[in-house]
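What follows is one structure encoded as structure tokens, with my remarks underneath.
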Amino acid sequence: MAYVSFDSAKKTDFVAVGRLCIDLNANEINRPMEETTTFTKYVGGSPANICIGMSRLGLQTGFIGKVADDQMGRFITRYLEANGIETSNVTTDRTGAVTGLAFTEIKSPTDCSILMYRDNVADLKLEPTEVSEELISRTKMLLISGTALAQSPSREAVFQALDYAKKHGAVIAFDLDYRPYTWVSDAETAVYYNLAAEKCDIIIGTREEFDMMEQFERNPERDDRITAAKWFDYSAEIVVIKHGKEGSIAYTKDGASHRADSYPAKVIKTFGAGDSYAAGFLYGLMQGWDISRCMSFGSAAACIVISSHSCSDAMPTSEQVNDYIARCERGEITAS
Amino acid sequence: MAYVSFDSAKKTDFVAVGRLCIDLNANEINRPMEETTTFTKYVGGSPANICIGMSRLGLQTGFIGKVADDQMGRFITRYLEANGIETSNVTTDRTGAVTGLAFTEIKSPTDCSILMYRDNVADLKLEPTEVSEELISRTKMLLISGTALAQSPSREAVFQALDYAKKHGAVIAFDLDYRPYTWVSDAETAVYYNLAAEKCDIIIGTREEFDMMEQFERNPERDDRITAAKWFDYSAEIVVIKHGKEGSIAYTKDGASHRADSYPAKVIKTFGAGDSYAAGFLYGLMQGWDISRCMSFGSAAACIVISSHSCSDAMPTSEQVNDYIARCERGEITAS
Amino acid sequence: MAYVSFDSAKKTDFVAVGRLCIDLNANEINRPMEETTTFTKYVGGSPANICIGMSRLGLQTGFIGKVADDQMGRFITRYLEANGIETSNVTTDRTGAVTGLAFTEIKSPTDCSILMYRDNVADLKLEPTEVSEELISRTKMLLISGTALAQSPSREAVFQALDYAKKHGAVIAFDLDYRPYTWVSDAETAVYYNLAAEKCDIIIGTREEFDMMEQFERNPERDDRITAAKWFDYSAEIVVIKHGKEGSIAYTKDGASHRADSYPAKVIKTFGAGDSYAAGFLYGLMQGWDISRCMSFGSAAACIVISSHSCSDAMPTSEQVNDYIARCERGEITAS
Amino acid sequence: MAYVSFDSAKKTDFVAVGRLCIDLNANEINRPMEETTTFTKYVGGSPANICIGMSRLGLQTGFIGKVADDQMGRFITRYLEANGIETSNVTTDRTGAVTGLAFTEIKSPTDCSILMYRDNVADLKLEPTEVSEELISRTKMLLISGTALAQSPSREAVFQALDYAKKHGAVIAFDLDYRPYTWVSDAETAVYYNLAAEKCDIIIGTREEFDMMEQFERNPERDDRITAAKWFDYSAEIVVIKHGKEGSIAYTKDGASHRADSYPAKVIKTFGAGDSYAAGFLYGLMQGWDISRCMSFGSAAACIVISSHSCSDAMPTSEQVNDYIARCERGEITAS
């Protein structure tokens, strides 16, 4: 049974809106950043990674965002284009904003952290008047991401994109992707996350992210079913709640819950796991697969990314994901 | 037929959220402010005026807002209390914010203007965590006002109040009350007005205010019926669109439109007309009157206020309104 | 002996730079402001008051400042012009700044306070490029005031005015006039007060104001002579330190100290005492009087102002000051 | 003849105050930054580079500054310490500020540019109360740098450091180092540069930097002698004005001007030339050399740095500089 259906008459499969930034990944890993001296530059940002992932998986994709008027901004736009992503709605800031940066520190495969540069970043300068209704009108699925809600005018641009998506019947997915930078308070965060989530068909986040959204409500046991039910009263059809090592559970409006097997991986770092999972999962939904298969496919895609040095650049094709699953099933891959 | 119904089990009739400020009305009128030397101090702000009006009309009322920690703030709280308004949810700013001011200039009865002080004002510092769910849970009607959406954290406080009102079944009225101060852009304004209006049962505004909300939509003829229909697709039951001298029209979800007669008045100034109209109209709805009678009552209340020097202090009792209507019908009052 | 000498070839006697604002004085006095309902509007701001005082005393004066583009700003400019003050260098803000306000509360003659509106005020928007070198080049004395140092770009405008005054040989007087509003920290305050004071010939302030300037230095006994000596090492010729009820002491570079008798007054409020004192004292210096006579004249001018409802509007002529002194000497005036 | 003399009883030779940041130098050079993928991390910032240079040349040095509370900040402090620089007055920001970044782009040896990250940087958060009077009291020479004047509270910290240096008799050098980032206006820039320069013994800058400081003055021919004479009227003994390829001229208070020969270099990039020149020149002054010899030594130090990939890390020892000069004199080094 398909919980969401896509308008096959629309030409563009998938459009993401939000953060576009640069990852600077330490080349010398398994040590603190104080001791690393060289970094490699990649395109980053959760919705960018997911969009690149969707494009690698073979979909027609586009991006709605804003880049700095500098070498970093041009690098991002060129990379998106080189990956087949439509950039007609990637605008350029003219106010002197910079490109957001994420320096990654990999002390060990399980001890990773990020040093963020999020002051005066171009991606948060996207104006609601810059969002293309035309692009959204011909798109099957729109993905929004929580960080784009963190500041004006990007916040308003996301609400305007949601308005266009509702008007034109796009399926809306919300990757919560909560990051504390630039939010003023927890209460502000909860208010806008909730206002956006009310309008979404698919909501994907960690248990902690849903907890943050429930600070004005009563769910003392942090019960997934109470969480999911709230959103089914609005627009949601599928709510995926991630429980870290215990795995993810997808709840559907019909009252069912869905799990999937996980795969082993030789982990280099944890960054990018959520983005590649989301890409794989949403790709599966667009293929009409059942929820468990979507989740398995997402898990395998995540395994490939966390076994690699980068996030965006490691996003797999569907052949690579299928091959990974096959190799796991043949016992050729074991955990690190 | 009642378009909206109120939960008679609730103890509080009416609660307003938003702006509380000080009006400083020129005592020497019919001249430019450069030539006035003395001013009289009144409590002001559209939702404050409406709430005072509702209290004068005999309802149980309360206010959700924030005042400065100074003489002006204490004056406001005392005035509300002296008018029988519950102030348990009027909090006091501790960050050094000031009380908003409105110096009024009355060059002639038809040429009035306001000099506003809206920098760092206490009313826009209301936090979502300060909004009392308990108060809203026992309230029949919640009124929100557009200026409270103009800045964070007051903007989030309004959305949180809306959330509580929906949860507890309060009827929600939205007095658009658009003022350009403190808004960053027209696009930002439209986005938040629309997000709030989606959740409201009764929306009251001028044609120009609805135009501002429709900048991302197509209504080239500025057609009231297109405007009203949009909100009936969300939560609205009644949409009142004011056309200045041509009078107001109330549209209802059943497709009907309603007008009322207007009354003559000896106009001193135009300030406060909309607030007293709103109080009278909403009061009528709470009495179960038909729409036209509500509109007439509001119009008569407005006439009384614009014939007086102040706004808040001139809000009439229901006896005064009924008496005014009776005198008009006897031909004892003619236009100035 | 004249401690400072003025260039008699210059056409303009006195120019002040800095704050121009509006005083709103409670008409109902001897009560808290919560209980006052009407206010009277006057021009205010310490350098404005001093300049008005100098003009009333018969000098050729001018002002360097910035007013809001509104009724309050126009009122200020007109009042200065009506008092014979050259306003060629009073510019008008075009950024939407407001006029600073000071609501005065007079609980008793000795218990007075001010409620200030200093957010986004026009007077602090004066740009260094707007300061007229031509005006300063033909001015005998320039007065600066501490509040104008409280924020950029007004701060830079004052330093530029000081630069022009040094270049063209104007005598520079510094009325410390420290107000905590808008300063970020005590350390910031001390740094800029000291940088400005280094360039001044005459420095007038309270003991507490000089203490604030000495926070990076050692003067544990708060010794006036240590304070004065520091400035004599820079440019100062006269340092006046006010000790409240114990009276003021003027220190001069030759090592002398000077006191003056005080006069009785029927005090209504304390506001404006310092400004009228400064006007009277500086006026005396420009007449070539000895320091004690300057101080007496300033004291008598102050008595006249504190016996009145306003500050600026009560600034006396020299005939009024002389008459006041004569009446005191005849025993016709006794303390309230 | 020695134009400046140093107090040999003081234990610390040289202390710099101001910017501490990170250079991220493109590893793949001679191409636009869009096409570079890896970067190497170095300590940067003009005063940091000069201080590292002085330490390499064998002097006892210290730094007054502020670093971010993150991996970048700790890297900077450790690098200074590893280079023998006292860091007792390098404080750590606790407000969430970041480390300033400079991504360098080397399109060709003569076409280099920098992409700066200067929003919310820790170095500009240095407070005047954090400047150590004790450190300055035992220092022979204090170096200030223009970028530290670009924002509060760092601006005030520099003025406080100047105050301590004057009080304790340290020679003060001012490396103008004008960068447009974070300054609000040219007028603001000129005002603070001039206020600081008034207090300095040695001023080093480009002709364009001095032009920027003279925007309120008349020097239409951009005459070096008019420029230098202004500062000799304040505290200056030596004013070095750099004319790019035409070389530098040092003016001294006695009316003399001094030039030096330049040396050939195999240039990789131009970054760091000014910093290494300043280090070499000031080092020479502290050795009591004549001005021309100081300038030659500075030029040779600059040649070494511009022939290398980094700035800070390439700062030479005095043996390296002497060796470079000797090899140039033997004709072993020719221009690239």
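We call the chains A, B, C and D, going by the order they appear; numbering starts again at 1 in every chain.
What we mean here is this: a residue touches a chain if its C-beta (ideal position, glycine included) is under 8 Å from a C-beta of that chain, and two chains touch if they have at least 3 such contacts.
In UniProt terms the chains read A, B, C, D = 5-dehydro-2-deoxygluconokinase.
Computed from a prediction, not measured in an experiment: that's the story for all the values here.
Engineer: Greatest Cα-centroid separation from subunit A: which chain?
Structural biologist: In terms of C-alpha centroids, the chain at the greatest distance from subunit A is C.
Engineer: Report same or different for the subunit A and subunit B interface, where same means the shared residue numbers exceed half of all residue numbers found there.
Structural biologist: Counting shared over all numbers used gives more than one half: same.
Engineer: Cα centroid separation between subunit B and subunit C, in whole Å?
Structural biologist: Here the centre of subunit C sits 44 Å away from the centre of subunit B.
Engineer: On a C-alpha centroid basis, what's the spacing between subunit A and subunit B, in Å?
Structural biologist: 42
Engineer: Counting in whole Å, what is the centre-to-centre distance of subunit A and subunit C, each centre being its mean C-alpha position?
Structural biologist: 61
Engineer: Please output the residue numbers of subunit D that touch at least 2 other chains, ranges allowed.
Structural biologist: In subunit D, no residue touches at least two other chains, as defined above.
Engineer: If each chain is a dot and touching chains are joined, what shape do you get: line, ring, star, complete or other?
Structural biologist: ring
Engineer: All pairs of touching chains, please: list them by chain label.
Structural biologist: The list of touching pairs comes to A-B, A-D, B-C, C-D.
Engineer: Going by the contact rule at the top, pick out the subunit B residues touching subunit C in the complex.
Structural biologist: 24, 27, 32-34, 36-41, 70-72, 74-75, 78, 98, 101, 103, 105, 115, 117, 119-120
Engineer: Under the touch definition given earlier, write down the residues of subunit B that touch subunit A in their complex.
Structural biologist: 127-129, 133, 152-153, 156, 159-160, 163, 184-185, 187-188, 190-192, 194-195, 216
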